[in-house]
Amino acid sequence: MTIEGKNEGARPRRIRLGMVGGGQGAFIGGVHRMASRIDDHFELVAGALSSTAEKSKASGAELGLDPDRCYGSFEEMAEKEAAREDGIEAVSIVTPNHVHFAAAKAFLERGIHVICDKPLTSNLEDAKQLQRVAHGADALFILTHNYTGYPMIRQARDMVLGGELGTLRVVQVEYAQDWLTEAAELTGAKQAVWRTDPEKSGAGGATGDIGTHAYNLASFVSGLTLKSLAADLDSFVEGRRVDDNGHVMMRFEGGAKGMLWCSQVAPGNENALKLRVYGAKGGLEWEQENPNHLWFTPFGEPKRLITRNGAGAGHAAARVSRIPGGHPEGYLEAFATIYTEAAAAIRARQSDTPVDPAVTYPTVDDGVKGVAFVAACVESSKKDGAWVSV
Amino acid sequence: MTIEGKNEGARPRRIRLGMVGGGQGAFIGGVHRMASRIDDHFELVAGALSSTAEKSKASGAELGLDPDRCYGSFEEMAEKEAAREDGIEAVSIVTPNHVHFAAAKAFLERGIHVICDKPLTSNLEDAKQLQRVAHGADALFILTHNYTGYPMIRQARDMVLGGELGTLRVVQVEYAQDWLTEAAELTGAKQAVWRTDPEKSGAGGATGDIGTHAYNLASFVSGLTLKSLAADLDSFVEGRRVDDNGHVMMRFEGGAKGMLWCSQVAPGNENALKLRVYGAKGGLEWEQENPNHLWFTPFGEPKRLITRNGAGAGHAAARVSRIPGGHPEGYLEAFATIYTEAAAAIRARQSDTPVDPAVTYPTVDDGVKGVAFVAACVESSKKDGAWVSV
Amino acid sequence: MTIEGKNEGARPRRIRLGMVGGGQGAFIGGVHRMASRIDDHFELVAGALSSTAEKSKASGAELGLDPDRCYGSFEEMAEKEAAREDGIEAVSIVTPNHVHFAAAKAFLERGIHVICDKPLTSNLEDAKQLQRVAHGADALFILTHNYTGYPMIRQARDMVLGGELGTLRVVQVEYAQDWLTEAAELTGAKQAVWRTDPEKSGAGGATGDIGTHAYNLASFVSGLTLKSLAADLDSFVEGRRVDDNGHVMMRFEGGAKGMLWCSQVAPGNENALKLRVYGAKGGLEWEQENPNHLWFTPFGEPKRLITRNGAGAGHAAARVSRIPGGHPEGYLEAFATIYTEAAAAIRARQSDTPVDPAVTYPTVDDGVKGVAFVAACVESSKKDGAWVSV
Amino acid sequence: MTIEGKNEGARPRRIRLGMVGGGQGAFIGGVHRMASRIDDHFELVAGALSSTAEKSKASGAELGLDPDRCYGSFEEMAEKEAAREDGIEAVSIVTPNHVHFAAAKAFLERGIHVICDKPLTSNLEDAKQLQRVAHGADALFILTHNYTGYPMIRQARDMVLGGELGTLRVVQVEYAQDWLTEAAELTGAKQAVWRTDPEKSGAGGATGDIGTHAYNLASFVSGLTLKSLAADLDSFVEGRRVDDNGHVMMRFEGGAKGMLWCSQVAPGNENALKLRVYGAKGGLEWEQENPNHLWFTPFGEPKRLITRNGAGAGHAAARVSRIPGGHPEGYLEAFATIYTEAAAAIRARQSDTPVDPAVTYPTVDDGVKGVAFVAACVESSKKDGAWVSV
């Protein structure tokens, strides 16, 4: 282990960024802004932060934005920024899910790169349409499945793909929360209201909000392709309009099996995202709430603790780490890594040079898979838990 | 917390015990013997420890048994001990599963109390027949689902039944091991050989060996009744004749849902039995490998660590604890509690007095439920993971 | 990892055991009795359990002892048992500390082996005298520093002595409790009363009760010899007559340094005995409350979890383990190991054969060192924390 | 728990920041820059990043600085920036310790606010002189004892000061690392070279580098004033010129006692800063490597886990938290909090308004105490571990 600093390399001009959503009272907008600043590759210069021009300007003032670049709608922002010489080069979309599709489309079609929160869209039809738009656009689409930015997740993926676990057999993933144990949506909590409204959130509740994160993470690390699933979704809280607990069994191509549990009614869990992957030669375990630790057991040997920037961690983790092992990096740094990967990809595109092959970020295709996963869960559950193909 | 000793109360004569199985090379026989000694309620005086009289005598010599009471078969032991004035009052059956039925029957029919290892039998037919025999016998039948003897499991059950968690919603239980990650049965390891032989072990492999423990524990703590399940069982190791990994989704009467995972191919897991129970008012978490700790979260309050004989633990835990909090009791003590509960029940029966209502042990009915669970898992898996009633 | 049973080997006749102390309301007496039964090498047949013949008989009745062998004093027991042909071969002394010396002397001088609770005596003079008696006696003296019986402590010692840590540099040891945070001795709690009474306990309070355990454990694992120390002892609870918190800095021969903290006023600690040992090549960490785990870091490599009977554990641990890894053994099993080692030593002595060199138990010399440690702490503290030689 | 966003309030213009030190190969400079960006209160516009103008410009180019504002020395920067209308308002000093004094003086005397890395200076004389300068200056001095920025440390301090632990009795603090287990300074590792050079680092090695952090943290949370100490410092690695391991016993005003251990030769420790505080009514435990968790035990009740932005956490923690509980904030966020507190203080000073009384940051006085602590440790150790007043 060393605590030497890295030479940071010549730092080009910051990328001009806009934001859709993320006004007062939002949660994820602030996260995106902090994440975009940590590695200093972006500069926020415009926003359609709220649903009216007035609110948007108020929110923009808090962020020090030029009032002329605080817009009342994403359509207006897309149009006007595209027309400016110093217009935004990329946009972060941090609205409720049902807005993702139209907003992303508006920017992609104008050649503005899109960094979009997950899930991709609120339904599979939109997702597939957005996929077509993105593939045809002259702009990049980055989905912020932020957990893929954790260094030890990169380490885990690298070990799996490098064969250190042997042929994979079992994937256990879960994401448990407790904040919807009671009917928070009835007492007006803004996050609870939209996240339990199928019009805004999509047919999946916990499944769409956090199950999709768990599924993405399992896919990212394991490299496995889901073939079919059986799901049992419940709304335990009376009057809730979407699922708040989901149990899923999964079959992957090649024969590996998995279980996924997502819940928002499990008291004692804050953001308990946990992944365990087992193969013929070894096993890995990781927990989001203590993300700098990765447990690796080569079969027949003692369990080992691999730490970020510590002994046992390799290049895949080191290239997305900032500080010495033992000094915890957290959620915001992992999120920042998505932004930094996005910056690398955007700059390569802008300069027409090949992107460093190590650059990794979730794409629109990953987003479609996530929405398809949710749709399959809902379908299976409606069919009384029958197996459905994905 | 106190470290005062308990007054142990007048200690009656030790109960004369025999043992079927548990000769040289066995694992669970030695566990039963240590467990039977810890609280000093039993005295081992006879055995049909091995499959021949000669081997049985050799094993008996190691245990200091009278050679005249080392028998070549359980039938002989049942007959001869029943005829002695100082014959055994109880017998421990610690053979491979397929022998449980006939052995238990032989002793029960002679009025000798039976303490039998789990699972009850190797198939459901035997299980139901044994249930009838046990119900008709003038002797008790105790099944050593030993994990129910852990003090913090008693505490958890007491809290659930007392309503501290509110209506239960979700039960997550798992039992993961790694010792069958490779084909240990091919290299002659005695435990691996019989535990992967469907003739001896039953149709369930991991499901029968450890899944049944997980299911029993979940049932014991939650008090819920299983209604139906969907299971996906696999034999990941080439040539293995029984399942070594099981994924199960469960539906309980009253609407609670559960997931159960059992695996013997999960590198990094020794005996990782974990139970989590969530209700409308709170959640509980417990792990067998650190069994003196129980985590309790009343919804909206900080998570609390309840320790054996520590603050927050109640009478249900204290009556089966031996030493102060912070001095770990382990697997053998939990196992000993089953023996101690058995002794209390046997003595009550012998003296024709009512048994202390706090005395709790797994019965033949629990055993039938366990075997039915395994049978349902196997049936569901054969039907490609379809839901089946239990 | 395997779950095969061990062949237990031919089991000779059980050793006849007496007990001094351990009557109703005692704590440690019951622990000794359970420990003596687990591996079945002893049979309790006599006792001077309480301070009067009547109470002793009452306590003896609870244990099923022959009333004729329940004595009113250890002197009487020593005399009468020594005169019987079937008299006790060994005696467990489990009284308050101030009785240890006279009781041990009475049995040793009659050739009866002594298994004595710690600390050796309540003052250094007695300790040295007992040492002389023991060295001159035709009987063994075993001190129950029970923590040395934990398998992972044996493993740690073996690794240190085998050079896996390189030259030792730093030893951090602590034993924290909280049960004397308030003045429990004023409300009559029996354990609190005698343990805070310098007449019965000795000049050291926390130092003598648990500091001596910590010191012994550090010495046992490190193999280091203490040269000098500086201690700062406090009685934080008003009116307390002995220390309830001790801070100690230690210098060992050869240049290693250490810190020892013992406290009975640290809320949130039950029996938090922790040992950490660091050398030029690696480090070890162990905690009594989770005793089946040993953490080993070879410098520059990932931290490894060595588990009892798991991968990475060697013979030194395996020979004192009973059950598979992942099935926790606890405090009573570690205590039982002291009894089992004692049995091996006693039988070797009885049969005039050499004892297996692997047999290890704390001796009267270790006991003298422990009492000298306490005396030095008290002396240093009286000298305002000055360094004193040991 | 809620995941609602906070309204961030009107955001004034960013404060213009310069930096001394932090060029290529440095570690802590990058940390300061990331920390200064997270909450967006500062804009880096100038630097004397390296020891020559050329290197400084090269480092500045990497950061996108105007070459005209990349200086060859801090003197030049102080002079020229003070003369500019748009000159820096604050400066971060991130050089090796021996430079802190002169650099801080140069800026303070020109009314430029100073944010300085710890320890304050490399010797006590400089520290006291800097204290006088700072007290006399028309500018603020903020010392980046960054661990005081962790939300759960704020929570702990708030609980202690609020009396939830009762009168404090015992403080155990430690900071263990392993990166100097071998003679890294001989192989040219830049961080190891200067940190083990008494000319640059000061007389204390581990004591000055990390012991001072541990001492500051203990003081910050406990509110106690150190009266005297006894220290035993060692240089275990051959040829090392400063201590790499320190053992310290501490006496506080009012009667509380403490132990402090700092080590850079403890294999298996990365940045293991741990604090435990015990009072008459309860205890607290915290570890830097898992900083979102705080363990609180009210005496006689179960231990409770207080989490950042979770149940049980109060306003003191919430005002320095950014994201929901269960999403870990780390080292950079805690560091950012120091910058954000500094910004609040600087803006209040600039606008001549009173600063929010909740604003908390380490001052020059804390810095003097830290250097005095190191000096006392060195003095005590030279006097063979005698007690010395602080």
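A, B, C and D label the chains in the order they appear, each numbered from 1.
Operating definition for what follows: a contact is a pair of C-beta atoms (placed from the backbone, for glycine too) under 8 Å apart; a residue touches a chain by one contact, two chains touch by 3 or more.
For each chain, UniProt lists the protein as follows: A, B, C, D = Dehydrogenase.
As the structure is a computational prediction, the values presented were derived from the model and not from experiment.
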item: Identity of the chain that, by mean CA position, is farthest from subunit A; value: C
item: Of A-B and A-C, pair with higher C-beta contact tally; value: A-B
item: Centre-of-Cα separation between subunit D and subunit A, whole angstrom; value: 33
item: Averaged-CA centre spacing for the pair subunit C and subunit A, given as whole angstrom; value: 54
item: Separation of mean Cα positions, subunit B and subunit A [Å, integer]; value: 43
item: Per-residue multi-chain contacts in subunit D, two or more chains; value: 1, 178, 269, 296, 303, 307, 310
item: Subunit D residues touching subunit C - in the complex, by the definition given at the top; value: 169-170, 172, 174, 178, 181-182, 230, 232, 234, 236, 245, 247, 249, 251, 255, 257-259, 261, 263, 265-269, 276, 278-283, 285, 295-299, 303, 384-387
item: Subunit B-facing residues of subunit C, complex; value: 1-14, 24-31, 33-34, 37-40, 61-64, 177-179, 189-191, 269-272, 288-292, 307, 310, 322-333
item: In the complex with subunit A, residue positions of subunit C that touch it; value: 1, 296, 300-307, 310-312
